[in-house]
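The letters A, B, C and D name the chains in turn, as written, and every chain counts its residues from 1.
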Amino acid sequence: MIRLSFDIELKYEVAEQPADFVFNIHPARTPWQSIVNEVLVIEPPADSVLEDDALDNRYLRMRAGPGPVAVRYGATVDLDHYRESPGRLDEVSIAAIPPQVLPFIYPSRYCESDRLRRFAGHEFGHLRPGYWRVQAIHDWVKNRTVFTPGASNSSSSAMDTLVEQAGVCRDFAHLMITLCRAVNIPARFVSGIDYGAAPDLGPPDFHAYVETFLGDRWYLFDPTGISAPMGLVRIGTGRDAADVSLATIFGAVKAQPPRIVISALDDAAGGFHLPRHSVQALSTTVAESSGDAAAA
Amino acid sequence: MIRLSFDIELKYEVAEQPADFVFNIHPARTPWQSIVNEVLVIEPPADSVLEDDALDNRYLRMRAGPGPVAVRYGATVDLDHYRESPGRLDEVSIAAIPPQVLPFIYPSRYCESDRLRRFAGHEFGHLRPGYWRVQAIHDWVKNRTVFTPGASNSSSSAMDTLVEQAGVCRDFAHLMITLCRAVNIPARFVSGIDYGAAPDLGPPDFHAYVETFLGDRWYLFDPTGISAPMGLVRIGTGRDAADVSLATIFGAVKAQPPRIVISALDDAAGGFHLPRHSVQALSTTVAESSGDAAAA
Amino acid sequence: MIRLSFDIELKYEVAEQPADFVFNIHPARTPWQSIVNEVLVIEPPADSVLEDDALDNRYLRMRAGPGPVAVRYGATVDLDHYRESPGRLDEVSIAAIPPQVLPFIYPSRYCESDRLRRFAGHEFGHLRPGYWRVQAIHDWVKNRTVFTPGASNSSSSAMDTLVEQAGVCRDFAHLMITLCRAVNIPARFVSGIDYGAAPDLGPPDFHAYVETFLGDRWYLFDPTGISAPMGLVRIGTGRDAADVSLATIFGAVKAQPPRIVISALDDAAGGFHLPRHSVQALSTTVAESSGDAAAA
Amino acid sequence: MIRLSFDIELKYEVAEQPADFVFNIHPARTPWQSIVNEVLVIEPPADSVLEDDALDNRYLRMRAGPGPVAVRYGATVDLDHYRESPGRLDEVSIAAIPPQVLPFIYPSRYCESDRLRRFAGHEFGHLRPGYWRVQAIHDWVKNRTVFTPGASNSSSSAMDTLVEQAGVCRDFAHLMITLCRAVNIPARFVSGIDYGAAPDLGPPDFHAYVETFLGDRWYLFDPTGISAPMGLVRIGTGRDAADVSLATIFGAVKAQPPRIVISALDDAAGGFHLPRHSVQALSTTVAESSGDAAAA
């Protein structure tokens, strides 16, 4: 079992009119990722604070300002991954994809899989279907793309990343998702926080990675290779970054860079070990439909 | 009440290997659109035919071929629209948008609303929020865009249509949706069949139009102006055309153009009138979450 | 020596107002491609017919209509290619590129070489500079792209073709040009007519191919592989298709498909042989500046 | 007469291998813009320094490094603009456009005028041709676009700027050029240095603006409105920014921000006045072909 504790601090300056915020910074609740405790502080207290816990993603909405606004959220999360031997994981035929998973083979804002079908077929069409084909796509993206802050922007799509071969974590994720979908493998975008990234990449930050649907559930892949997938706290899942923006802001607002700290419990006696690389495939969720995960 | 009867014939020639098909040609079931009867014939009988009726969209999946495949679907549908006076319909504040509607203010594959925020603000930001602002967006799209088969293709997005000012019904719909989202009005794509299009536009065909969320439900808009919205049979709804393709095909398949016939019942004594233009806002659904509509 | 004779017939219907036309259908004059004879007939006679022979490209401008307009142009052209052994052809260092060739390492409308520098470096950066590196780019484009009429349109760029891996001759040419420029090899677009294309590709048509600057002159490459480069009549050269449109039309005009016939003289006694594949590099021009070629 | 003196300092750090540089920082020579004096210092002295003065643009090429490289260029330039009353300036018909001007109605890398023909026609097609129509395009771009450093990047094109309505001077220029070409008015990109920009925009910097061909010569427009066009020193002209990059670098090089100072002579007795806004149309060049301007 992995136990991760993190704190997020988001600071804003709202201009003359109150602004609306939609946050997606609460970790998801699944049978394999549970919230031990959490605390949310909004200063000054905001109007119409609304926490939606019923869906896969936990949204916090509020109206705040004018003036300074700070959102501090902290949580301790236990991760007890479902593990499977990669060689046992098959791709799912079109006919057998669960209805709530079907949308994840379609193109989305930043993942133009419709345009990459021939390209993906050329590169990966001849490989044997299954976990290792997904791993081959993961490796291809990792090897062909250079982690380059500033090379992309909020409009950059998988097609841009394919051509320009540079970007940040969300670009790596979009490209891997797109290539998977282009060969009919359901794939989705995950926002999260990662434990254990190399310190030379700067302070801890939000992260973006990938889940693909194999066998009967969603499995984790991180094409940036920044850290061990076992140390990824899942926050939001969606078709791509458009769905799980950490903060969507409506109004004239200046934001400071987020501050994040994260730590892992190393307590062998208590059953907790640090995240480490694993040869097994890892999952934190089945094909939940809206509301199921929370109820599980 | 409107009663529409239609028949769809789709013909394919599947090459050497069996192909997978995902169809979305069954009309949605809502409290305001009910199926009087329907019939589906697949020739020759296909493998693994699966009809998902639990979701908002009714998907038909099958594996068929090799060889010729014909899908014939017919239905009679009763439409008893929810009607409202436009002047009473307000936009919904961010804080009050139902969770299942929230995704429809985000950008999607063909609707890059993130890139059009300033443009939309410039054109529509000063208008009073509400139904009439949506109508102004509808009018702008209708007046600025020329219906031009061949001017766009399956990759064309709202941004292309904005710049090139030409396209077909799906392009009109994508542009209107995008401009609505860019001013924070939830909007979605609807596939359907329309009764009463001008005969000079060719034989009856599938159509694409728009629903925006106002007050407590989704209201119909058709920026092509091809026919009276009252004669639109709703099939699928989604973020954009990527979600509600009438037929998504996996495999080497040649398709013939679809054949569609549609008729409306004119029986005043029985309470049925022909579709006609109306000054009222029309809706066939509330903010259903997955599965709710069917259960209602 | 190669002697090719061809006739082009272009037919238009000009609507109510006279329209302006800019044609680029006359073969270029170079020391290695000479015009034996040519004839131009415009029916009915047009206003302000202007033939610019002073530049590399020979433009014909006219104002015509309303009503039917026919342009018939025929020529006999002798091609006595400059030939070189590929192994002796080096790339030219940035410092040594002639000034009038320098623009051909920059990006252009359909050739976004600025965006493909990393991609091209990854694929071709490690190869030894020279003719064989250009040949490797040629082979890569030929092998990765499927000749598919209808897959692209007049807006399609090299980046689209790279991603979608399908197109027609102009798309093949744009992609090869772009990859060359991205590794600093000057490359340009050539419009022409080809002798000897496989009959199953339809009747003779205009063609698009590539010239790259190696050593001290421009050498021919045709990444479609449709016919022997020796049978290509050079019409226009430019940065990409935007510069050498066969017909640019200003006004409301309906065009019929062009009709083209071409033949080659087979007269060994007279010194004329049919175009054939050659292991030598072929060129029809040095780094002419504007006006030089005609004067040569 | 205007007399402007400026100094440019460009500093680089070249990595392990020598790098090639192509600079376009020397002011153009025209009958209306003359160089009083100029000085170029390269430290340490570079290899293969080549100054091309024969073309419209004056290119400096050199190979330098490894290690630090500094290029300092200073010049004093006299501007004696050709001036014309706007009301007397007509657009030029397609048939009468000089051959060397013709390329400037075609689309280019950052100016997709082919895609904006309908848009431009809708906005400007009904206006009376001539200087005032160009001024209307200038005003439209100025009013619709917000000067926003960081909103665009080196890949941004006119279509992006049209949609996103934000950018820097090169984006303003590209959009104005594109809209002009889309209604068949030749337009080109000019790089330069401007005197008199508002100090709150930061220190003096390179600038980008527009020339359109009216009557028998090129006239200046600056859609950013940052300063009086009379204070613009013309450096390079081309189809768009791809042609007149101030520094194109081939190799691994780190650049510091350029440092620029500029001053204007105010000496009424000597015949020199400060740049000021003028109601007259200003030009510094006719339709030169390559080499003509320098010879004039």
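Annotations for the structure displayed:
One rule holds in what follows: a residue touches a chain if its C-beta (ideal position, glycine included) is under 8 Å from a C-beta of that chain, and two chains touch if they have at least 3 such contacts.
Keep in mind that what you see is a predicted model, and the values were worked out from it rather than measured.
The chain with its Cα centroid farthest from the Cα centroid of subunit B is D.
Of all residue numbers used at the contact between subunit C and subunit D, over half are used by both chains, marking a mostly same-residue interface.
If you average the Cα atoms of subunit B and of subunit C, the two centres end up 45 Å apart.
Mean C-alpha position of subunit C lies 31 Å from that of subunit D. Rounded to whole angstrom units, the spacing between the C-alpha centres of subunit A and subunit C is 48. Subunit D has residues 115 in contact with two or more other chains.
Those residues of subunit A that touch subunit B in the shared complex are 20, 22, 47-48, 50, 52, 54-55, 59, 61-63, 93-95, 99-100, 102-103, 106-109, 111-112, 114-115, 154-155, 184, 239, 242-243, 245, 248, 250, 289-291. Those residues of subunit B lying in contact with subunit D across their complex are 115-116, 118-119, 122, 144, 146, 159, 162-166.
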